[in-house]
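Which chain is which? They are A, B, C and D, in the order written, and residues in each are numbered from 1.
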Amino acid sequence: MNHPFLDLPPLTVEHFASIERRVAELLGTRQDVVITQGEALLPLEGCIRSAARPGSTALNIVTGPYGTTFGNWLRDSGAAVVDLAVPFDTAVSAPAVARALAERPEIDFVSLVHAEAATGNTNPVAEIGEVVRAHGALFMLDAVASVGAEPLLPDAWGVDLCVIGAQKAMGGPAGVSAVSVSERAWARFAQNPAAPRRSYLSLLDWKERWIDGGRKALLHAPAQLEMLALEACLDRIAVEGLTGVTARHAAASAATRAGAVALGVAPYVPLDAQAAPVATTLRVADASLVVARALAADPAAPLAAGGGALGREMIRVNHYGADAALPVVRACLTALAEALSADPSEALASAEAAWAAALH
Amino acid sequence: MNHPFLDLPPLTVEHFASIERRVAELLGTRQDVVITQGEALLPLEGCIRSAARPGSTALNIVTGPYGTTFGNWLRDSGAAVVDLAVPFDTAVSAPAVARALAERPEIDFVSLVHAEAATGNTNPVAEIGEVVRAHGALFMLDAVASVGAEPLLPDAWGVDLCVIGAQKAMGGPAGVSAVSVSERAWARFAQNPAAPRRSYLSLLDWKERWIDGGRKALLHAPAQLEMLALEACLDRIAVEGLTGVTARHAAASAATRAGAVALGVAPYVPLDAQAAPVATTLRVADASLVVARALAADPAAPLAAGGGALGREMIRVNHYGADAALPVVRACLTALAEALSADPSEALASAEAAWAAALH
Amino acid sequence: MNHPFLDLPPLTVEHFASIERRVAELLGTRQDVVITQGEALLPLEGCIRSAARPGSTALNIVTGPYGTTFGNWLRDSGAAVVDLAVPFDTAVSAPAVARALAERPEIDFVSLVHAEAATGNTNPVAEIGEVVRAHGALFMLDAVASVGAEPLLPDAWGVDLCVIGAQKAMGGPAGVSAVSVSERAWARFAQNPAAPRRSYLSLLDWKERWIDGGRKALLHAPAQLEMLALEACLDRIAVEGLTGVTARHAAASAATRAGAVALGVAPYVPLDAQAAPVATTLRVADASLVVARALAADPAAPLAAGGGALGREMIRVNHYGADAALPVVRACLTALAEALSADPSEALASAEAAWAAALH
Amino acid sequence: MNHPFLDLPPLTVEHFASIERRVAELLGTRQDVVITQGEALLPLEGCIRSAARPGSTALNIVTGPYGTTFGNWLRDSGAAVVDLAVPFDTAVSAPAVARALAERPEIDFVSLVHAEAATGNTNPVAEIGEVVRAHGALFMLDAVASVGAEPLLPDAWGVDLCVIGAQKAMGGPAGVSAVSVSERAWARFAQNPAAPRRSYLSLLDWKERWIDGGRKALLHAPAQLEMLALEACLDRIAVEGLTGVTARHAAASAATRAGAVALGVAPYVPLDAQAAPVATTLRVADASLVVARALAADPAAPLAAGGGALGREMIRVNHYGADAALPVVRACLTALAEALSADPSEALASAEAAWAAALH
């Protein structure tokens, strides 16, 4: 009884290391990259618990729901936490970060989510990174919803810990993830007696036993199928070209926004420059009801109401991975038009024009 | 660019829950089962860190290398630890466990590895379970190397925490794993303020947000490919029948042992009843050298030298999953005979007779 | 760059032969089975061109579109052809076949389609087989649309050439197919100087070089992926049980017919006993338009208008393979109700009752 | 019960057509390409039976075993056949073809195998094509063993019928194949009353119903898995680049030949320019015995004895697809050295030097 998911030849350490190198190439980073054997929450938690400890002070920038999660881990690790929250329909600005750092010179760790799939905004990481570097704090970036969708240059931007997953714009698996770690981040982890060690959460284990050991033996059996799927999506990105992939996401965002406006629907994030290319959020009354109607018209449209309280006023149009495509944008706009009893023709024309202009 | 590992329709929560139920059926358990999204070390660590805390006392039975890992986690969690170690070529006995428990009535947690793939022994869990239950301690069993290879009856044996992975006798993936949790284990976790919560290590998160929430939403995106591979190996086991699968492993063990004796090689674990059906260990001088010669003769033979210091005196013949098959046993014996400059014919005849007798 | 469809270890002849044996088991036949490396039209054409020749006379029973194809091949091979056509909304009867045979004693070949997916009828093969056997002609049955959906007993029914494909009720691939061949069919082929030899169309090549050669070498590289998919669908049928699979198809047929009647729509094939379990055809005015509306309401519903002129008056509801399931039947009825501006509730209730009664 | 080979969404006609276009791009042809739903013998037979008929005269160039097969089909179709056979250790020359054509001006069809995997030679198709074009005959080329391994330019070379399969240098599936067809070949087929029509062998069916019908409907359900595998191997070739793939095969050939010579073994095809890049044949006494010894030393080495009588004097070293790699060449040479009780070190050094020089 054959099954292509079973009886695979074991993933060799050389093969594992080659996938690691390809993730590093995708990120354009010269730092160490660790492919963590779990969803991206695993390395995010591992980074925070390795870096934070009693006595440290963290600036936690909250531009969406994950900021709350990071704050919990930081407090749980004993750090003092300064939360810098901005409304979910906007981005944080570098000057705001600079002010927060200036007020608390002891801040030694900054956490930021690059793009928020849940709320549809994206933050100016390059500028923020400059401010954080000038201050001297360690800088952790959650790039799960930006990698593949928009430019991501961790080394140029001074990111010490850049966490990615493949399940959004990369069109890949969710079961493994990766983090790039700067030398000074490794040093900070090593000096922290409370950093996870000999633990599934530990990044230091990977440093000491995998990287420093010459990549001869993995810590445990890897999630082989997820690793192969990660490699397959990297292959596919190589065929299209990374700039082609990000351009496609930018076009999907521009087309969705243009189409929504033509339908009389306001983008939730007003400024184009602050709109995340993975997903477009829209401000609509009775959002859950409208989404239900739209899905009745087209059950395959990648639409969702906002999570929690946002379900009353926000619709999320996902356009990442294979869904960053003009036919999918068209299908979403058509379903929304039907749900709103509107004529879709102008929206479709606007979307197509915006798509073409973006890819020009 | 198509790839069967990419662009899969999302794994629904109903599908996830159905795989969970099938794991529970495989274990014949009425307890809750959690499919943890990482290698089996994840739930093992999660169990220990959830159960142990300052003030608790653990009996850690050490019959192979994993016992050391468990002891480290127990100490790290603040528990007092009594290590009960037996030589790696034998099993622990229920009376020995009873004595250890009698000496320290405050013991409230017992950890045991069922079968040791690394050393080739297996322990009498039914008898030990009876002793532990009489004492009243929580009982954690690492059944990764026994599930599918030998009888495993966690409920009948009083196991509170039974951890499995699919990568050995089940012939499945390593990237997800599972644990069955008794009601009193859940209660113990809930009372432990230091138990991991809101963490990748947390089992309580699964209890509170997945199980008690009616299995409506997962904690995060699952390792979908590993889940599908787990389901596929359960399908395959259903076709063969679980008793057929375990009988095949028992036959492989019997055949390997008989063949080795005919080659003049002593089993590392002298007693048949203490020999693990997943792997047969052999006592051979210069084991690493002999393994190198055997692999030169047949690079595909599932042979390895013992880990660490055992590499001087132990050869491990793996026969789990698809390798629990007479042709594989034959190939291993042939390669060993070549490495030892011995005639394989008697060994092969003995192995075949033992295989047939075991399956009779 | 990994891909599970590439770099597979070669399919061994033993493995190929084992799949062949499993097809024979599925058919319950003791005749030779050949797995032909192409769609089922390949062995159907191979059978006819091997059996028919100038001087032979064939009775070609036409109960759907494939009958025309068979007639063309028969004439092309130089045989005299008697077409026995019945309206597409009914089955042919054994007495009608008997009369046709009695009129032309020289008939030495009879071709019949068991079930017609295109028109939704099915024929009483057991009774017809008895008549054909009494007459002495060679009997070819196209069972592509019946295998897995309804009882199929080629040996008991006196079928000399039983052709199947896996793409309908078996839920498998279309790229390989199979035919069972009786001893007297082989003898007939061998005596025919015009039978294809050394040809992709040749069945005699398989007999002489594969079967009589002891199944040591295939004629050419096989369609390996299709072979593995065929094996996988046989595995799945084994898990469910063949009678379970056919019962599910019968229930889908009963439920669809009951639901249609409740919607005020007449089955195209009036008699239940003549209705094919793979697909239910319905008599509806402006069928193409109604189907378009139904698919607008639910693009995933397995509905189609009849082919050619039937598109004006026939809708086909497919319910084979994974679609032989109550939720799919419900979805089809709901979409049809929407297209007809009818209330679906009574239809759904009738369908569910019929489903339950059929599986009782 | 999930299986990645089952329950795939149907292959759309657009998708099928896109794979067809990609094959045309690979061949750099502006002619029609048909992806035939069977092994490459299917289109080869289809071409010959469509082009040849009583009254036509064919020049059948025989440089390996397939030439015999082609001759049989040509004679079977009623054509007069001129066989131009050359010894299997050499190539046919363009002047020899010119002479044969000059002797029989009525020749209207020429069949040639580009590279012979079975005998290891390759023919100068560009020069031969020029001669055939000057003569005016239809030119059929079997390029199964050359596509991906060496330059293949059917349009520039005047090939009217170029047949390929993906199972050799392309590293793809064997179950579908393809043929490019020139306008004048279509015309010839159309004028041949005996050309297969309404048949699995028919190429005209594809022309009339698929191509001329605007590629709206396939002739029958396709071999979907094989089609997807074909697409996947085209993707992989696109990543490496076609010239990279052919360069790798050339390097494998050069390295194998250099290594063999260093071992004291003569290439079966003496001239480098006549050696096929897919496989290197060697002249060795008692070839079958030597191969048996070599495979005992390394069962995974892609070595075989020559077929039939060649088994006494020829060894074939395959190096196509994933095996066109330096480690595989090294493994073959090491196993051969062991079988010949020779020291492999010089052979390995020569092979590595030749590999490097070829890729320089």
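In the analysis below, contacts are C-beta pairs under 8 Å (C-beta built on N, C-alpha and C of every residue); 3 or more make two chains touch, one makes a residue touch a chain.
The structure displayed is predicted, hence computed values, not measured ones.
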| item | value |
| --- | --- |
| Chains touching both chain A and chain D, listed by label | B, C |
| Pair joined by the larger number of C-beta contacts - B-C, A-C | A-C |
| Cα-centroid distance, chain C relative to chain D, in whole angstrom | 36 |
| Chain A-chain C separation of Cα centroids, rounded to whole Å | 50 |
| Touching two or more other chains - residues of chain B | 1, 3-5, 228, 232, 235-236, 239 |
| Complex contact set, residues of chain C against chain B | 3-5, 235-236, 238-239 |
| Sites on chain D touched by chain C in the complex | 1, 3-7, 37-39, 41-42, 45-46, 69, 72-73, 76, 165, 167, 171-176, 198-201, 220-226, 228-229, 232-233, 235-236, 239, 321-322 |
| Chain A-facing residues of chain C, complex | 1-5, 228, 231-232, 235, 298-300 |
